[in-house]
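Next come two complexes built around subunit A: one with subunit B, the other with subunit C.
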Partner chain A sequence: MRISPDEMVFFEYGFVKINFTIVTTWAIMLFMVIGSILVTRKLVIKTKISRWQSILEMVVTGIKEQIEEVGLHKSKTYIGFLGTLFLFLFTSNLLTILPVYEPPTSSLSTTAALAVSVFFAVPVFNIMEHGILDYLRSYVKPLPIMLPFHIISEFSRTLALAVRLFGNMMSGVIILGILITITPLVFPIVMTAFGLLTGSVQSYIFTILATVFIAAAANETETEVNT
Partner chain B sequence: MDNITLIGAVSILTAGITMAIGSIGPAMGEAKAVVAALTSIAQQPDAASTITRTLFVGLAMIESMAIYCFVVSMILLFANPFWNFVITKVTGG
Partner chain C sequence: MLFDWFTFAAQLVNFLILAWLLKRFLFKPILEAIDQREKLIANQLHEAEESKANTGREFERFQQKNSEFDRQRGDLLTNAILEINAERQKLMEQTRVEVESLRLRLQESLRNEQLNVGSEIIRRTREEVFTVVRKTLDDLASANLEEQMTTVFIKQINELNSDQWGMLNSALCKPGGEIYVRSAFEMPVSQQIAIKNVINGNFKLLADIKFETSPQFISGIELITNGYKVSWNIEDYLISLEANITDLLNQRSDLMTEKVS
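So, the complex of A and B:
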């Protein structure tokens, strides 16, 4: 049994490997980019807007409200990163209703890449907001003795972020595979429905955790500036 | 018992024990979280939406403990590095 779509290789040439994860990731990226370009090509500010523009506006304002609720008030700075993260994860987790599709998030490489981008986004946003000195000073707060713990927590939460998403999505795929061999009639559908719930909750959690990390770092230095 | 049998048997046994012990803690934790959330929803039905959202996030965080155990047991069963090592040794790879 394959435990990740990485092992299904379509094309291999030396170092370059095109596997199922890469294909599905690029398909989702193309789908989302082309879809948003088509929708945003003719935006209007009127009382009567098109159906697609209305959907997109709802999505964007929804994400914006969620970000602001966590405590990031300048949501315009962050919505590019966090919104992309959420929409990519949400689409890739919900497309499991398609027959041969396996979510790219059920491969550890995808989730690790996303977690690493969160790992770098936290200091980048923080430095952009407060400058590098305040950022570095947040590591020796409240005491310099906390420095190794801060560093360890940066790495461990990145690992936890990656493994959490990977484990949830991979378990959905594997449980489905096992169920199809034992009870192929109705139960796989029930588990697929449950997998849709898990997938959407996990994509929400991944994004909200990234938001919380960024907000925690930002607010930590903010209070320090005030005192 | 030769080495291949030993590694296979220990891997399967460990995978089972990992799942069994690793799901006890998260199960109790999730039960406690749900009980607390239900109590507070019963007391304050107005805050139900906030409580439910926080509950879902918390449940997923607790559940990730069980998921870590699941990942470890799946690695032991389907992508065991020690097993692959022994197999390549035996087949002379």
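So, the complex of A and C:
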């Protein structure tokens, strides 16, 4: 039984391997980018707008407000990263309704890549906001003895992010595969629907956690700078 | 194999590229559109607020003008009423003066007419009375009227009371005074002598009495000396008659005036 879509390799040349995960990711990227270009092509700035634009604005505004509610007031700076994270995860999980499709998020490589992105996004945004010195100083506050704990915290949360998403998505796919083997009728449909819900929730949780990590680091640094 | 480093690196790069592309083609245009529309709505709201404020100011100005107009209209109306009342009073006064003037003219006219009628009546009455008396005396006594008047005049002198007699005597006895006897007709000598005898006899005089004829007399005789006069004249009766007729006419005139008023 195949646990990860990484195992389905289409092309391999030495270290380079084009597997199912990468291919589906490219497909999703293509779908999202072309969709974005299409939907933003006819944007109007009048007071009366189309239903599609209204839905689109609702989604973007919703993401923006979520970011602001967590504590990142300059939401426009973060929406590119966090919004993409959510939309990618959501789209990946939503497409599980398609046959033979396996979400790239059921690959630990993908979730780890996303977690590492968040891992790096935290200091990058923090340094962009407050400068490198304030950021580095935040590791030794309130006492220098806290430095190893801060570092462990950074790594552990990144690992937690990666494994949580991978575990949820992979388990969903595997459970679905097992159920299809045992009861091929009706029950897999229910589980697919359940998987959609789980996937959506996981997308939300992953994005919110990333936002919280960035906001916590930013606010912590800000508080220390102020004191 | 649960983890693949190449896939990990590729997914990392893929995600970063996707993030950049979505920011470029999705989030940025939408956020800009939202911002521009918010700005547009804010401008429109601002314009609406300004318009509302302008409308409020216009409404206040309109109300102010309206109240001013009402006040001016009220003033004009009051002035017009006052002017109309004054004009009415003036016209009423003018009419009253004209009516009073007309009434006075009517009264004057009536009075003149009354006088004319009275004079005419007196004149005719005198003539008629005189004619009647003359004819009656002619018919009854076979004597003319002049003789009868002389007889009556002489009788009047003889029957003067003591006061009248005293006053006439004192007038006759004043020196330098002329004694005139005037009559409406040419008195016959016999009658002149009779009168002269009565006067001289009664008052013990030898005076020269002058007899004159006065055409103003209708009929009668009078004795005048030193401002004293004794007379018998049919005019006295006529004056009495005239007074009675005048009273009667005055009463009728008053009745007519009341009707006119």
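One rule holds for everything that comes next: the second predicted complex is superposed on the first by the 227 of 227 C-alpha atoms of A that agree within 3 Å, B and C clash if a C-alpha of one lies under 4 Å from a C-alpha of the other, contacts with A are read in each partner's own complex, and residues count from 1 in each chain.
Going forward, a residue touches a chain if its C-beta (ideal position, glycine included) is under 8 Å from a C-beta of that chain, and two chains touch if they have at least 3 such contacts.
Keep in mind it's a predicted model, so treat the numbers as computed, not measured.
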| item | value |
| --- | --- |
| Which superposed partner A:Ser109 touches (first subunit B, second subunit C, both, neither) | second |
| Subunit B versus subunit C as contact partner of A:Ala160, first or second or both or neither | first |
| First, second, both or neither for A:Ile205, with subunit B first and subunit C second | first |
| Contacts of A:Gly80 with subunit B and subunit C, given as first, second, both or neither | second |
| Contacts of A:Thr61 with subunit B and subunit C, given as first, second, both or neither | second |
| First, second, both or neither for A:Trp26, with subunit B first and subunit C second | second |
| A:Asn168 touches, of subunit B and subunit C: first, second, both or neither? | first |
| Greater residue coverage of subunit A in the superposed arrangement, subunit B or subunit C | C |
| Subunit B and subunit C contact sites that coincide on subunit A, given as residue numbers | 3 |
| Subunit A partner contacts - residues on subunit B that touch it in the complex | 56-57, 60-61, 63-64, 67-68, 70-71, 74-75, 78-79 |
| Complex interface listing, subunit C residues touching subunit A | 1-12, 14-23, 25-31, 33-34, 36-37, 40-41, 44 |
| Subunit B-touching residues of subunit A, taken from the complex the two chains share | 1-3, 160, 163-164, 166-168, 170-171, 174, 201-202, 204-205, 208 |
| Subunit C partner contacts - residues on subunit A that touch it in the complex | 3-4, 6-7, 15-17, 19, 21-22, 25-26, 29, 32-33, 36-37, 39-40, 43-47, 49, 53, 56-57, 60-61, 64, 76, 79-81, 83-85, 87-88, 104, 107-110, 112-114, 116-117 |
